[in-house]
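Please read through the structure below; I'll follow up with questions.
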Amino acid sequence: MQDRWSYKDAAPQTLLRLYNASLRYGAVDVLQDVSLEISAGGPVILMGPNGSGKTSLLKLMMGLVAPSAGEVHCARSRVSFVFQKSVMLRRSVAANVAFALQAAGLPANDKEIHAALAQVGLSYLAQRPARRLSGGEQQRLALARALSRNPAILFLDEPTASLDPAQTKAVEDIVMASAALGVKIVMSTHDIGQARRLASEVLFLAGGRLVERAAAESFFNLPESPEAQRFLAGDLVISPEVKS
Amino acid sequence: MKSHAFAIMLGALALVGNPAAAQQQSIVVASTTSTQDSGLFGHILPLFKAVSGIDVKVIAQGTGQALDTGRRGDADVVFVHAKPQEEKFVADGYGVKRFNVMYNDFVLIGPKSDPAKVRGGKDILAALKAVQAAAAPFVSRGDKSGTHSAELALWKAAALDPASAKAPWYREIGQGMGAALNTSGAMGAYVLSDRATWLSFKNKDALELVVEGDARLFNQYGIILVNPAKHPSVKVAAGQAFIDWIISKSGQAAINGYKINGAPLFFANAD
Amino acid sequence: MDEPSAFQLILSGDPQLLAIVRLSLSVTLAATLVAGVLGLGLGACLALTRFPGRQGLVIALNALMGLPPVVVGLLVFLALSRSGPLGFLGLLFTPQAMIIAQTILITPIIAALSRQVIEDLWAEYKDEFTAMDVPGAMRVRALLWDARFSLVTILLAGFGRAAAEVGAVMIVGGNIEGFTRMMTTSIALETSKGDLPLAISLGIILIAIMFCVNALAWGVRQWSVRHAG
């Protein structure tokens, strides 16, 4: 335990740290020995074939699941999460944002609510029942809820997986605008085009291991690991079995 | 959160009135289905209320159950019709004193087809023997009520015992007088009823009165104050006021004044 | 018929009949209110907590949904009788006793059904609420609010069961005219008096009231689904 890490002795821009973190469900190793640090800066994109552990890694970083071994350190009160399919509370769009503000202990007045909705372009739907929005509008509302908490880190788990190109673009614009305002973006995607558009940095997972971490430009131009090379070439779509 | 829930519950109880206030000047009388179903109470209780200001809440049960209600202390007065049981109730210390109030009589009711051929008879024992001989359906209250005990006593006097013999034509239904009449009508059965319930009964259809007028069909009602020594909750003053009134001249006149189609249902006979 | 039917009585605003309807509704509403608070609380607790013996409690609650009213009536009678443990309260043969009996009858129904609804909703909301750091009390409030349409239907089911019940209220209320006589006990009484037309009319009025209550709830639900989703 001599390696225990805390914010006090970390560099001020370090937001999150994993040390030899593993996750196992029953007999299945979902993540193995992942060590990494997330610092302030441009968007970090998690890539990897289906089943490589992207969602699990996000949930681990967010604290939604505890590691089976190793350590995760994260400032819980300063993070937000947008799921692939967000759950809309059975109430109006504005009330959904108000709920997120209250849960974060922030004042839920009209000014805050409208600021959050304006940020995602949903002001005109404020009184609409949230569950009657389209898929794209629902994801934008989920972003409004997540951003209203003023998070230091915003985790997104394939937020555009089921959206059409126009809706995908709207979500990407909001993500980039937030990044420009200083919110650290950590997002998973299996869409290589989206990763090229958004990433400053890429974390590449395969078989539950972090096999490559690189600046976006070098990752897309000269991937080092054979898995990343095959993935970018389009022939590694399903993650290989983890060898234990 | 908890005190909130408690407040809602108190509010809910308050919604239907405060029991303490509602029970002021009111007594509970455990009585029989015959007195209620015949409409007697509907006639005499407003008269009592007018002179005393006391509300009388009537629980209509069989005589056995009514006496048990008194025994448990859940009524202030019992007003029933099975003299031996009433005397035992007083002897056991549950009642203060028994007073005669009124009488009517039992009548044998039967299907219009009259399979036992007893119509017009004056001898109840002969009629019961004929019912048994014909194995005609007979409905018994079977609920330890005053009418039930009277019926059993009549079978005994006729030296018959269909209840113990489990005769297939003898059907115990375990319900009140009105239900027994409804059942008899539906089954085409004979049944012993008090005259008052029969006169006020509205679903007569297939039924008619077949035997009446036998001295053995006499049906005496008595009234007893539940003993406050056993149950301090008994409202002695109001309960006694009701008893005093019902055996007084005006109470007795009120009973005699209750008629259906000009026929009196009960005959006051307080001592 | 020379006597007025129940319809004529209610149309002419017969005070006795209206008093019976009013008593039935207020007793059943009060019981539904109390059972709603207890049942929803219990249902939410069971849905959102894990403790040893919980599964047994859930099974017991589901079984108690079929509690026979007469047994409830008898138990409440024995408890409230002057000779029983709660006799000093003097509640036997009062409207309060009927509220208690109906509450005991429908609390398990409301608890068991709401447990299922809240548990299903919680499975859907769990990750989102954890990600949002929603505090415990706020979670419960939000789940109850978001399940409101299903929960109202459950409360109506409880209300219907209580309103239709006759065995328990007959035993603990005593069917005292003008004090504890309800719609259902009136129907039983008129049947025993052989006045079947009046009994049927009363029955139709009771059904009509239940229909109105449910239609009202359905309308409110339609309106809110359109406006709050």
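Order of writing sets the labels: A, B and C. Residues in every chain begin at 1.
Keep in mind that, in the parts below, a residue touches a chain if its C-beta (ideal position, glycine included) is under 8 Å from a C-beta of that chain, and two chains touch if they have at least 3 such contacts.
Just so it is clear, the structure is predicted and the values come from calculations on it, not from any experiment.
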item	value
Central chain of the complex, centres being mean CA coordinates	C
Chain at maximum distance from chain A, centres defined as averaged CA atoms	B
Distance from chain C to chain B - Cα centre to Cα centre, in angstrom	33
Gap in Å, rounded to a whole number, between the CA centres of chain B and chain A	79
Computed distance of Cα centres, chain C from chain A, in Å	47
Where chain A touches two or more other chains at once, by residue number	none
Interfacial residue positions of chain A with respect to chain C in the complex	62, 64, 76-77, 80-81, 83, 86-92, 99-100, 102-104, 128-132, 145, 149
Chain C partner contacts - residues on chain B that touch it in the complex	1, 5, 8-9, 11-13, 15-17, 19, 22-23, 28, 33, 36-37, 41-42, 55, 57-60, 72-74, 175-179, 181-182, 200-204, 231, 233
Residue ranges of chain C in contact with chain B within the complex	23, 26-27, 29-31, 33-34, 37-38, 41, 81-84, 87, 90-96, 99, 137, 174-177, 179-180, 189, 191-196
Chain C residues within the chain A interface of the complex	124-125, 127-135, 138, 142, 145-146, 148-149, 225-229
